[in-house]
Every structure is written in structure tokens, then in C-alpha cells.
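When the chains are written out, they are named A, B, C and D in that same order, and each has its own residue count from 1.
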Amino acid sequence: MKELRVGLVGCGFMGRTHSNAHRRLNNFFQPGRRSVLKAICDTNAEKAQAFAETWGYERVETDWRKLMQAPDIDLIDICVPNFAHAEIAIAAAQAGKIIICEKPLARSVAEAEPMVEAVEKAGVPNLVMFNYRRVPAISLAKQLIDEGRIGRPYHYRTNFLQDWTISADVPQGGDALWRLDVKAAGSGVTGDLLAHNIDTAMYLNGPITRVVARTETFVKERMHTLTGKVEPVGIDDACLFIAEFANGSLGLFESTRYARGHKALKTLELNGADGSLKFNLEEMEYLDYFQYAGVESHVRGWRRIHVTNGEHPYMSKYWVPGLVIGYEHSFLNALADFVECLETGRKFQPDFRCALQTQKVCEAVIQSGKEGRWVETGVEL
Amino acid sequence: MKELRVGLVGCGFMGRTHSNAHRRLNNFFQPGRRSVLKAICDTNAEKAQAFAETWGYERVETDWRKLMQAPDIDLIDICVPNFAHAEIAIAAAQAGKIIICEKPLARSVAEAEPMVEAVEKAGVPNLVMFNYRRVPAISLAKQLIDEGRIGRPYHYRTNFLQDWTISADVPQGGDALWRLDVKAAGSGVTGDLLAHNIDTAMYLNGPITRVVARTETFVKERMHTLTGKVEPVGIDDACLFIAEFANGSLGLFESTRYARGHKALKTLELNGADGSLKFNLEEMEYLDYFQYAGVESHVRGWRRIHVTNGEHPYMSKYWVPGLVIGYEHSFLNALADFVECLETGRKFQPDFRCALQTQKVCEAVIQSGKEGRWVETGVEL
Amino acid sequence: MKELRVGLVGCGFMGRTHSNAHRRLNNFFQPGRRSVLKAICDTNAEKAQAFAETWGYERVETDWRKLMQAPDIDLIDICVPNFAHAEIAIAAAQAGKIIICEKPLARSVAEAEPMVEAVEKAGVPNLVMFNYRRVPAISLAKQLIDEGRIGRPYHYRTNFLQDWTISADVPQGGDALWRLDVKAAGSGVTGDLLAHNIDTAMYLNGPITRVVARTETFVKERMHTLTGKVEPVGIDDACLFIAEFANGSLGLFESTRYARGHKALKTLELNGADGSLKFNLEEMEYLDYFQYAGVESHVRGWRRIHVTNGEHPYMSKYWVPGLVIGYEHSFLNALADFVECLETGRKFQPDFRCALQTQKVCEAVIQSGKEGRWVETGVEL
Amino acid sequence: MKELRVGLVGCGFMGRTHSNAHRRLNNFFQPGRRSVLKAICDTNAEKAQAFAETWGYERVETDWRKLMQAPDIDLIDICVPNFAHAEIAIAAAQAGKIIICEKPLARSVAEAEPMVEAVEKAGVPNLVMFNYRRVPAISLAKQLIDEGRIGRPYHYRTNFLQDWTISADVPQGGDALWRLDVKAAGSGVTGDLLAHNIDTAMYLNGPITRVVARTETFVKERMHTLTGKVEPVGIDDACLFIAEFANGSLGLFESTRYARGHKALKTLELNGADGSLKFNLEEMEYLDYFQYAGVESHVRGWRRIHVTNGEHPYMSKYWVPGLVIGYEHSFLNALADFVECLETGRKFQPDFRCALQTQKVCEAVIQSGKEGRWVETGVEL
């Protein structure tokens, strides 16, 4: 089978999820190519070495520039903190590599736009890992919408709630904690969490045109692990916004890392004239569907679809009906679709240009939070 | 409006639920007669007096025999412990009174049979208060079955779980605790709790023909409040049985007062070829329905029907869609149907004869528990 | 027992819930007085007559002014559409009557302020029927907060979702539909539904100081039943707002009558440093509680408290543990507390002044929706 | 790292789950050895070849006997239909191989006993794949029991419900359908499904001593794919039984493939004096726990533990708190524990002897179903 030779940059949490997807791809999917884990790259050589052993990479690099020149690398997989996405992605595009980039695309629209330009100019296939689109329940939601089951949409509400930064003793910066450092991350929950919700929302319900937001930083100062000093916290701890969709429906978005009792609660609900849909990542095997049209009134109700049957998206590839898959499989599903697009030449979504639209919404949200007024997103319609 | 003049015997928990039903009947229903609370009777005069004031009874009696001779009493409502049902009911029938009797009908089949004979000989309307049939969600379940939505039934499982007798310090006998005294109650969870499940099961799924049971008494001795002495416990603390229904399906029944975490959990589930139904008394506003036939496979799921719409049984009588009613309304619904039957001459169910069938199943269950073998119920087919 | 002689104005849905509360008060509570249903008043004499028969009122009036002069009326219970609250309440205050007023207090702050002035000048006891505070689960939520179990609050989110006006064929005006007529109602979902959420939110989490809102009217014109003509719809069909609480936490509020699948979904969630709480009116027997502080990490989880035990607010008055009460009992609980305050002289909440604060938030919300900017509520701190 | 060279027999569903576990072991666990997929064996060479390519086996065999003699194979992994377990396992033991055997151990006790004897005589490490013990929520249940949180146990109820054989058109025999052929499977739902429930039950609640069962075959004849003829169905379609545990608690077990609406519902509940536990495989990320002892009565409730935190069993090995794993990871967890036992010399459970106890219960259940009476299990105490 044709090989897809991978050079992956970044040994953190996302490096693991992407590596896992590459390694398992062909156990479940036959997209026409098989990932070969050629090189893992991290500035920390020791960490990279251990990672290579765990995941089976053939070699280790500490400078990602080496990968660009390597003739045995077809695909650059970018799993580093947000601040480094742009430089690596642009270099990879210029080197003619296929690119996978972890979300969000960048720290800002200004940083993201040249990335889009670069991949489009180079004509290289590109993917941004908004993996939740490929949770089978969310893919099924999209299918039900496309089947016309929801009708005219009125309301979309979604949130992403965590609780791991309530303690003021959690430091910022370094390793996993770069997410709390505005220089590394660009923003807080908006880019880290709401970017997912925004991508899913625009996937299911179309472009967001205007927003009004309230952002908050509950803990104003945290120890910075790199400087060893207590420094101001520049990220948004919490972000709430009201959105207008181009289709006339209204959206409500909320994210925080101060919602005690929620580790990674990501929910969404869409209400339309003919039906409604609900999803909750903590029990991701379910899609809740209220069918109004075509159901006798005395038996109408919210239906829990256990999205594990062969006729559900992706599920025929895994086990048998009723048996659940997990979070990691959303990456696997995305990769399978991407590789199939490589083979067939079909356009993969979400690509860099698509992710730029989400970036625009994020930026409008942050701006609205600062200025306390409605802001146009400028998303392509 | 025509009056239905009530003499009620027994000031306990059930005396309250029945009184409440009588008092509120005409606020919600127009069955053609209105209950007038003429007399409350209890051997404890003080208790009866207070009860009369709370519920608005016109007079107090301490000997139920007085009610039989009273020309201003149309209906005898029997809310005393099980041991006294038979004597009062038979006297009431002989006096030509309409009879409402709290469940179970009696302590045994031997005690129940003359009761049935008496009411049928006298030709007096009679009701046994298996109120759960009139929980709107259960009435809706019956309706869906009658609409042919379930198809050939395969399985029926039901339980009634409580946890209030786990402590060995709970005494038996006297007031609310007569339920633990086998002489007063006849049996334990079988007559007190499973009788409800059996009635509902036969209402929804037809006659039970054979059973094999396991009964248990976890706490072997308890202080008796009447004698002041520690005495053997004669009731069943827990009862599990497997049942065969006449329609070929299999039943599984369980009740206990040792299920920590359940105060009054009464659940049922019916599985048929074309659909399934589930109910849980702790959230009695819902009926769960799985529709198989006529639903595309990718949107099949368990549907939570919030049984609060005008088109649901009884609900048009109460508030507006979405607003829940409670436990007590099942009594009100039963009384409304009963009074309407009085007016129209239609036969009300469940009556004494119907309740006798449940008694037969209870007795077969207790016998099977003692003898450790399958027992025929002898229920009328 | 001392009598509390009631003259009730308005035979609609709320006339029923209040009458039911009066009639049943003494079956469950011993607050020292008993409601006597003296007079029902409605401009529609026929309707009033039928209502009197159903609920047991002694006489019928068609002009509420008669009640003011009646020496046999102690309490005026106002259950008419919003537009008539002010005139009746002020007259009742001037007549020295005790006053119960259905929520919202009025159509506007300008209308509400003289009402507050009138009752305070007259010194008459007064209640505004924000009944949801007395749903046992919400009363328990308040208790847990007061016990210090939630700690510093960060987030409060709440909504009230219905779906009964999706069809453009639903007319406005007249009978139950006055809620869609801005002249009768003052506002749409904001005053009708969100007023409840705002009252509960300030009860549990303190004053709301600033809001930014988005209101929408999805159906722009509806037949008016009074004029027979298609007329513009002046109410808000949907309202979403972000709120700041005086305690530093952030709120998210949403209401609509276009949320397919929800008849009367009213939810709330509060997240604090030490714990969180959730409630859903559709299954009002539960309060969900996440206890962080004092629980070992491996057994932390959201706890469903089935709020039906004797130790839960109000529940010792009703049946036995595990058995649920319904929507209507929240009115009964409120009335019981109010009557007890009459007897003891304690101050009842929510009174007119308290309801005025909710009115201020509603008005700020509507104004923000119109002007597209943050608005100060002016709520008393 | 030391190698564990695997020869796996059987390319079906279980061949896939076991292969997946071997391949991924070292991505998440460091048990001291790494699985090397040496040989895959299936009588169907073409199928074996494709399987080898998908999962990365080095070579293909069509006769399992070859594996016994192969010096480069350390471990025989048996994933064939039940009828072939005994012969292969005994040969493997005699060849001194480490053995993994899919459950149930065999078709009968008579077949299983020599298997136990063989592995014990040979002294080879052995595992029977009752994988559900290693679902993190079930492992956590065991931990909570061992921590003394449940107290004296009273009740255990469990079921395994499916619906895939309702249609009489489903044939028996061949490929995936050998489960419906009594000669291949030994029994129906008892060995295929209830064996899991029995293993978990005895893991959590100790030995089962007596049972009374009712078995049923709803569809009496099915086309046999191997003979092409309609033949009697010899398996049990459904099985219900009541059990006595050695610790004095009572068990209720049910399994069927006729429970419309359930694909693979496996639930359990344990009630003890101090607490209760519940689990449902369809939402396997949760363990429900009711804590009685040590909780104030007004905040007692069923707690949903989202078993995804680092402090929960196995979860520190995977992603981050809140993110769910799936069905397949239970195999991975089991394998990791087994390999760690190989390294440390600790005894792994469940081994063949342990699985024999489950086999005894299954056999007593089938016998009781046939004879309609209580049967002793003969399980080792």
C-alpha cells in the first residue's frame, strides 16, 4: 500500500492523539495509504526519544526545520503550542508538504491569514484538527440536518465547561500549562475550547455574522513556570457570547475553566421548526433528537440515539452494535477522511481556510469582550 | 350536582390520599357527582377528630359499623390495614354501599374470595385502589400497547425498591408499622409493593400463569410496638420471582425494602417485537418508548415522552403542557373514572374480582418462596 | 381557626393555580389561618359563575372595585393579565387589603413603582407569586448555598424554553393569548418567563447589576383575536442575555417560545468554587448537586437528590419519602409561608419591592435588546 | 524491551479486539514486555491473510498445531468459537505456552475441567478474557467495595440485553452466527452473555451457591448456514435466574437477545447497607454510587461518577480528565495487567480456574432451566 510518511512536531497531549490516529488508521480504515511514523520532533530531545519508543517513530529530531528538507517526509503534523503553528505551517507549505495542524489555526487572524495564503499558493492538502466534527454523534447530527429533519433553525446553544484552573495555585506557562500563557496561546478558553464549539456550530448551522461577548479573568495573577515569577494572567478564563447566524437563528456560547463539576463538558443544542438535536461530549455515544414533523403528538419525545450501529457514521469500521468508541477515535475518523481525500482528490474540510473563519469569530469575540459592544465577524458567507 | 356521600375508614397515609382525591375531584373533573365528606371513622377518636378538621369531614365515628347503617352514606372507603378489609367490605356490600378498598384486597385468597362474592351478590360498584394504573404515563403505556405499537411481547421486568427497613431498630406493628407485622399485613413486600407491580403487569401484559420465587427476611426479629417485646418477623423483606405470562412472555419481578438509595423506586419495562416501553415512578412524568417498526434505523432510539400534554391521558384536566402533576393525582384520576362509571353504568377496573387475580399471584409467589418450586397461579384467563 | 377571606380576580390559568392553593392550604399546612373563598371576580360573568362552582367560591363579581369595598374580604388575589395589575393592586392597598399578585409585578418599572409605594404606604402584607422559589428542589438549593456548600460563585446559567408559538397561525390577544399582545403583557418571554428565572437567580445568587441582551421576534405579524386583523407582534419571542452579578459571577439567560421539544423547560445551574447545583423544572423532583469540598476525588460526581424526603423543604407536609408532588404545590408552599408570615409578623419574600427589582432587570434587558449595548439594571444592592 | 511473541487463533470479532490490545499495549502501558504479532491462524487462509495485513502479523498459519511447535511463539491467544477452546488450550499448555483464552472457558464444565488441569499441571500463566472487570467503572466499583463503602450486601441485579435475533430470518451457524448453534457455542445467552455478568458478579460480590432459572427459545427453528437446512435451535434465546450468594445476598440475572431497543445493554446494581452501585455498559464512562454512610440526609443522592480522572483505575494511562475511552480499552487494560503479572510473578485473575467457577454457574443455570428447580452450583467458596 502507498505510504504516507509522517513527521510530527510536538510531544504533548496532541502529539499523542495524532500519533495514535496514524498508528491505528489501517486497523480500521482502508483509505488507500498507510501512515508511516518517520520522525518525531521536539526541542526536548529526551522527551522526543521516549515518545519515539512509545509510539514507534523511526527517528528523532529536535529542529523542525530538518523535517522540511527531508525527502522521506510527506506530511508535517503540527502539534506544538499555538504560537508556533504559523512559522512551521508556512515552512511546510513552502516545502510542498501535506499539512495537518492542530487547532486553533493560530493565535490571531493576522497570524492565520498568511498560513492560508501559503497552503493555497503551494497547493498542498491541509487539515486543521477540529476533531469533534468526526465524533459519530456529531456527524450524525450533520446528516440529520442535511436530511431536512430540523427545518428552519431558531436557536443554537453550546458550551464547553471545565474546572481545572479554579485554584489560584495552578501556574501558567511551560508544558501543559502554556494554555494559560497568553503569549503562547493567543487567548484562553476562546481559542482553546470555544474554537471547537464555533467550528462545530458553523459546520452544523452556517456562518456566524455578529457577536457580543463578555470575557473574564477570575484569577488575575499566576506564577509563571518559565520566569518563576508571579505575572499577570493575559488569557480569558471564561467567555460568554451571543451570536447571530447568517441563517437568522440566534446562538449562545459559553466556556469557562471555573465550572466546578465539569471536566470537559461540551454540549450543543439546535432547535428548528421541525426538530431539535442535543449532544454532550461527556456521554459522546449519544445523540438526542426530538422529531416533531411526522410523529403523532402523543408519542413525541426526546430520543436518545445510541450512535453505535453499523448505519451510523464511522461505526461500521469498529466493533459491533452497542459497543462504544472513545474520544481518540474522532482523530482517527478525521485522518481517515483526510487520507481518502488525498487519494480521491476531493476537498477535505475543515482546511486552513475553513479554520480561518473560526479564527475570525474568535477574534471578534475577544474584541467584543474588550470593547463591550457588538462586533462583526467578517466570516465568508 | 348529584352527591356521592363518603364514609371513610382509617386515618393513616391512605386515608389522606383518598380524602385528598375526594376533596379535589370536582376542581378538575366533571364526572357527574361530587364527593361529600360525610364521616371519618377511626378507632382513635382524637386522631379522627383532627383528621376531620384537616380534611373537612362533617362528623367522626369510632365504630365503622355505624357507617353501614347510616342512610346519608353512599360510599364506604376502606383505608385500614389489610387485616380489616374483608370484614368491613363484606358488611358494606351487605349494606348496599358503593365500595372503595385500598389495595391489596386482603391478606390471602381465602380472605379475598368471600369479598368478591359479597360485592357481586350485592351488585354494588366496587374499586380496589391500584392507583398506579392511572399515573398518566402508565395509562399512556396501555394506550400504546392497545394501538399495536409493541407487537409480540417477549419480556416484562419490574421492581419496587425501598430502603426504609434496613436498620434492625425499626420496630414492627402499630400505626405506620403494621406493614411489618404479618398478622396485620398478610405478607411483606409481596402484598404491599409487588401487588402494585402485578396489577400493572397484568393490566399491560395479561395474566400471569406460573411463578417461581425466592423470598427473604433479612432481619429475623424486631421489637413489636404493640406487645413491647422482640418478636419474630413473619413478613417477607424481599421477594424476587420469575413469571410466565399467558401470552408466552417472561416476567422478572423484584421487591425489597433493603435497596439502599431507593425510597420508592417502581420501574417497569416491556419488550416487544415492534417496540419497548419503560417507566420509573421516581420520575413519573416520563414514559420511555423505543419505536422499532416504522422508524428509520439511523434515528431509532429510546424516546422520553414527557407525559404532560393535553393529548396525554388525564393531563387536559390539569394545568398546561410541560407542567407536572404528582403521585396524589393518580388517586384523583382513578376516582374520576370510577365516578364516571357510576354515572354511565360502565364497568370499572380494577374491581374486587380483578384484584382477586392479583391476590392469587401474590399467594402463589409466597407459596413458591416457601416451597422452592414453580407454582401455578390459577389466575382467570 | 382564623379566616383569611379571599376575593380573587381573574379566572384564567393563574386563577386556577391560586384557587387550588387556597383550597388545599389547610389539608397540608397549619399556618394559623384558613383561606375562605368568598368572591371570584371576572368581567365575563358566565365564566366567573362556572369558576365559582368548580372551585367553591361563595359569590361572583364582575367589577373588581366591588371587592375593595367589601368588608368580608381580607385579601385580594390578582390573577388578571399584566396590564391590570397596577390599578387593582393600588386600589387594594388603599383599601387596606392584604395583596397577592401574580408575576410579573407590572408591565414596566414606571407602572410598578407606584404599586410598591402604595403597599408600603398602606402597610399591607403583599406577595408576588414567583412560585418557583418554593419548588422544594429550589428551596433546597437555597439552603445548600446558605450552608456554604457552593463557595465563591463563578457562573450562573438558566433558561426557560417553550415551543408553542412556532406556528405563525397562533393568534395574539384574547384569553390565554394575551401573553402575545404587547399592550396586555408589556413584554414577551422576558416578562412572562425570564422574570421567573431572574427572580430565582437573584434569590440564589444576589443582585444582577448589568446586562447585554439580544431579543428577537421571529413571527413579525399575527392575527389579533380582539381586532380580527393581522397586526404587528410587539413582544419578544426570544431573549438571550449576559448578566453581571454584584458578587462578581457571570450569568447567562435565555428564553424562547421557539425551542422545539421543550414545553416548559426551566433550568438553572450555579457553579461555585466548592460545589455546583443544577435544576430542571421538567423533572422538578430532582436537585443535582456536585460536592467538591469534603469528597474524596475518586468518588466525586453529580448527585441526583430526589427531593422527596421529610428532611427536604416542605416535603414533610405531603406524603411519604420517594413520592413526588407537582407544579401546583409550589403555589401552596408559597401561600403557606405567606400566611405564616401574616401570623408571626415576619416579612415575606418576594414582596412587591423585591419584585420591583426583577422588573428593573427585565426592563434593562428589553432596553439592551433595543439599543444593542450593555445597560445598568439599577437593582438595589 | 522484552518481547511477548503472540500466535493468535481466530480472525473473528474477538480476534480483532485481542489483536488491537496487543498492538496498542505499549502506547499506553509499560508492563515490561511488548507484544509482537508473530502469527495469525485461521482455517480460512484468505481471511487470515487479510487479517495479517490489517493488524500487522508477520506470518499466517491455517493449522493451529503449527503454533504449538513454533519456538518463536510465547503466547497462544485463543479467539475461536467455544467448541475449539479446550483442544487448543490443552495443547498450548502441554507445549508450555502462555495462554489467553476468550470467554467462556468452554462449552461445559466437563470440557473446562481438563483445561484447568492442563494449565495448572504445566504451570503456564493463563487468562480468560472476562474483559468487563477492567472497564474502569467496574474496577472502580470493586475498589469502592474493597474500601468498605457498601457494607453488608443485600441485593445484586444484573442483565445483558440485546435484540439482534428477534427476526426468525436470522440463520444459525457459520461465521458470526456460530453463537446461535448449540454445537459450536454450548449454550446461548447463558454462555455468551450471562457468563460475563456472572464473572463480574462473583468478582464484586463473591461466590454464587444456588440458582433457579427459566430459559426460553423463542424461535424454535432457524436455517443453518452450514447445512443449508432449517434445523431446531438448541440454544437458549433468553435466560432469567435468581441466585443466592454465599454472603447471604440475593441476585437477579437476566439475558436475552429479544429485548427490543437494547443492542448491548449490560447493567448491574449492588445494594448494601452503607451504599449502592450501578453500572450500564451503554454509557460505560459512568459509575453511579449512592453513599449512605457519612452523608447528611438532605444531600444524599445517586452520584454519577464520570470515571475519566487520573485517580480512576487505568485512566491516568490514557488522555486527560473528562475524555472517554471505549469498549476496546477493557481488553487493553486486561492485557496490561496480565503482562505485568508475567513480569512480577503475581497471580492474574481471572485465570482458567476462576473461569471454571463461572462455567459451573452457567451449567447449573442451564440445568435449572431444564429441570425447573433450584440447583447447587458447586462453586469453590
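Just so it is clear, a residue touches a chain if its C-beta (ideal position, glycine included) is under 8 Å from a C-beta of that chain, and two chains touch if they have at least 3 such contacts.
Predicted model, so just to flag it, every value in this text is computed and none were measured.
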{"item": "Maximum centroid distance from subunit D, chain identifier (CA atoms)", "value": "C"}
{"item": "Contact-richer chain pair [C-D vs A-D]", "value": "A-D"}
{"item": "Chain centre separation (subunit C, subunit D; CA means) in Å", "value": "54"}
{"item": "Whole-Å separation of chain centres (CA-atom averages), subunit A against subunit C", "value": "42"}
{"item": "Between subunit A and subunit D, centroid-to-centroid distance (C-alpha), Å", "value": "36"}
{"item": "Residues of subunit B engaged with two or more neighbouring chains", "value": "262, 300, 302, 306, 309"}
{"item": "For the subunit D and subunit A complex, residues of the former touching the latter", "value": "13, 16-17, 19-20, 23-24, 26-27, 54-55, 162, 164, 262-265, 281-286, 306, 308-309, 318-329"}
{"item": "Contact set on subunit A toward subunit B in their complex", "value": "140, 143-144, 149, 287, 289, 291, 297-306, 309, 311-312"}
{"item": "Subunit A - residues contacting subunit C, complex", "value": "154-155, 157, 159, 161, 163, 166, 212-214, 216, 218, 238, 240-242, 244, 250, 252, 254, 256, 258-262, 271-276, 290, 292, 300, 302, 372-374"}
